[in-house]
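The following pair of complexes shares a single chain, chain A, combined with chain B in the former and chain C in the latter.
And then the complex of A and B:
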């Protein structure tokens, strides 16, 4: 077993090295132009430059802080509305029947298709992007909380009901604790979709943020800045996921 | 009374498995005093009432009482005339059918590319440790970058035409196909593979009769996610830069501040997403009926 793990590690390292070498050599040998594919070193240099020098009105960290602020607002809103709604839908059959056809209809509309209305109703500054993140992050919050609530051990519910538990206490003290793993899994999916929707929104309408920076760079054929933006988006997305995974582990450990 | 109650119960059970679970978990008796209340409390009736209520609120808020600010929310009449305009007179350089055709074509091509590359790659990664060790690191490196973030680079590489869109759709749909096919293979009962291997099953039959059928349910889960990702990405790509397509309609309607046309575009996106998902579900049912061993 140790041998195979060692071999896997070796192969993984080799494959990553090969990937970086090809990425480096393609533009370096002139096979494709630097304008088409900047080499990894150039991208790293560009990121370092962007940390100090503004592009499209702000430095990279400032753009990132704008993007993250919007993301956080929209994600929080989706979690605060979506999770309780999902739990209540799992408990009250009437609410389930009321909300399901509406949510099913909305689910098939891509979050990005909300961009025109979001811009019209809430502007392109903060409100519009938050609405689009909400549109992307809301469905997984509801669906996972709902399914978590549905798969609670029936014996728990029966015991609680026999003791005369009220609806509110049933949801907050029986169903929600049992549904926590499912809820957090939903939050992780939500965060990924919300972050991706935000980038889409910023590409289309916004005057700040990483997505806006990338569109400006694309218009100026500044390929290294575009790739730098992609790397920044990937890193922040990964950090968000790592944080949520930490949170997941902390919550499930205390159970 | 008793027959009525059982009829209600039957109706609930006949819906989906999920509804049956809800009926047993919640296990609540419907508050049935009168016949009417019982009728109205049936889930399908409530669902229909809920949709009707939303439509009614829409009519009331925009058209009858004009509560919503004009020029921001479309009225039903405006929506109807915009729908007719887009269907017959054309909007944003073509009729709605033409735009839909262009978008659908791109999604189908991108999705087919993702299916043809992603599923085999996932199966390969699932069945060979070496392939997994080589491909997984590169895959993990690219995965955190959301597909939408590739749009500017795709436009720089391939321009505003179809090729750039197919590229981003392919990228978006590729990831779920790979991950789920891989997980599907990993989930196959190990003893099944060992038994097939012991009987000296050749590689071709091993793939065709053990690995693919075993992974089939998860492959389809992946394809469903891929399809959703493909539509999201297409709409975004068309809104960033295009000359035709549903996303382009949305973009032009936004610039014209034309709310009812925005609604037409959004509903078109929804209907397209729904109908392609439905078509995929039909294929899934047929395939799973043919290879039922994967279901367990």
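And then the complex of A and C:
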């Protein structure tokens, strides 16, 4: 049974409140020490402080903007290469047979495994982190575009064929629009994985960004700063997803 | 100019002991500007016949020719109107009709004129910028017919085009098609399981046998239609009430029933 918007909003608020209460009570009752688990109020204070005062060379918004820039670069690259590749694999059987075994193997390699090569090939500045995000964001772009292309209603393909549609127009005018819901679902997964990989990438290679800030905080045993970083990552990740969902609604409006 | 020729055409799916013989020795000629309907019991392979002309499926024996040339692949010279419309849901009515012309690289001005003509022909002017899902089934099928007509195809292939429509809409569309056949005659191959529809629309009706499908007999309707002046009657029910219509319908129905009984 579907819930009304008001009801699901209420339940969401309840679960968040319950989570925060337990989070608050654990250190407050002395069950765990504050050093192990900083309480939510301290974290909130820390976030407010970090917005104005720099830590590890920059304020939280500045770190976030660096992180977001890297994420966006890698994600965009993954989408621009992955989506067309997936669509073409869905239409050309030869390309499918060539690329699928390779991609099936590559996608099981965790993005973080590319760290040494990313640093070696593209440096620790801009290129390296972008490559690691790319490694995380690329597979869902390809796979979803491919699946979307494979599942286009055969009647639409036949209609296009009898109308004398060329391969290029078949992909851009028929397969891509038909696969849009699947492509966007892929972009959402891809954004999630890309954003996660970014943090991994920054923990190791970057000299700015939220990940870097968290490593510095960890070294100083500033646990509330670490959690502040986690919260910021979660919130920005959520915002990215909301943005993509908006985009999804906008493009699938006329279906 | 457009003619269709089935020359001892056969279709087998698969091979070896699991092979499935769908069509065997289909022979039929459709002349230029002639409207031929194929009726047959369900599963007899009538749709397969159309799909072979369209180029969606290949013959496994014999030949299928359009204008004397073997069909090898689908193409805009053989426009298809599908039972399920198959319009592009993300394109407007106008864009759907324009799609085939863009494929042919028809210049913009000419394209616009042709689309306007097709919209007017099917009474779709006020729906030009609507999306398919905003239209009724009958309207969507008008768009599909316009999309086919605008390409000026050699032959028009209609695969149970009104099968998905409700009874009233179907009647309107049948009358519409008769009108179209008068103002812009085309070579049409029309697949249906409706005997009345076939008699009302076609110049000749081909009855198919049960599987493996063959052409059992071809019944001439045109001579009766002209002789009995059906075209002077305004409405479909008036035509269907005439003795000549009833006679033809019964003749075809009996022929079809023999196949249905034999199939069971």
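Following the convention adopted for this analysis, the second predicted complex is superposed on the first by the 232 of 255 C-alpha atoms of A that agree within 3 Å, B and C clash if a C-alpha of one lies under 4 Å from a C-alpha of the other, contacts with A are read in each partner's own complex, and residues count from 1 in each chain.
Here, a residue touches a chain if its C-beta (ideal position, glycine included) is under 8 Å from a C-beta of that chain, and two chains touch if they have at least 3 such contacts.
All of these numbers come straight from a predicted model, not from anything done at the bench.
Undergrad: Clash or fit: chain B against chain C, after overlaying the two structures on chain A?
TA: Once chain A is superposed (C-alpha atoms), there is room for both chain B and chain C without a clash.
Undergrad: Does the superposition put A:41 against chain B (first), chain C (second), both, or neither?
TA: Neither partner.
Undergrad: Nearest 10 degrees is fine: what angle do the Cα centroids of chain B and chain C make about that of chain A?
TA: Apex at chain A; the opening toward chain B and chain C is 80 degrees.
Undergrad: Of chain B and chain C, which one touches more of chain A's residues?
TA: Counted on chain A, the partner with more touching residues turns out to be B.
Undergrad: Go through the superposed model and pick first if A:165 touches only chain B, second if only chain C, both, or neither.
TA: Only chain C is touched by A:165; chain B is not.
Undergrad: In the overlaid three-chain picture, find the nearest pair of C-alpha atoms across chain B and chain C and give that distance in Å.
TA: It is 8 Å, taken between the nearest C-alpha atoms.
Undergrad: Considering each complex separately, which residues of chain A are in contact with chain B in the first and with chain C in the second?
TA: Looking at chain A, the two contact sets intersect at 158.
Undergrad: Write out the stretch or stretches of chain A touching chain B in their complex.
TA: 4, 7-9, 11-16, 19, 36, 90-94, 96-102, 105-106, 108-117, 119-121, 150-152, 154, 157-158, 192, 195-197, 199-200, 203-205, 211, 214-215, 217-218, 221, 223, 226-227, 229-231, 233-235, 237-238, 241
Undergrad: Where on chain C is chain A touching in the complex?
TA: It is residues 54-56, 73-76, 78-80, 82, 84, 86-90, 99-100, 102-104, 131, 133, 147, 151 of chain C that touch chain A.
Undergrad: Residue numbers of chain A touching chain C in their complex, please.
TA: 153, 155-156, 158-166, 169, 173-174, 177-178, 180, 254-255
Undergrad: Contact residues on chain B for chain A in the complex?
TA: Those in contact with chain A are residues 18, 21-28, 41, 43-44, 46-51, 54, 72, 129-130, 132-138, 141, 144-153, 155-157, 228, 231-232, 235-236, 239-240, 247, 250-251, 253-254, 257, 259, 262, 265-267, 269-271, 273-274, 277.
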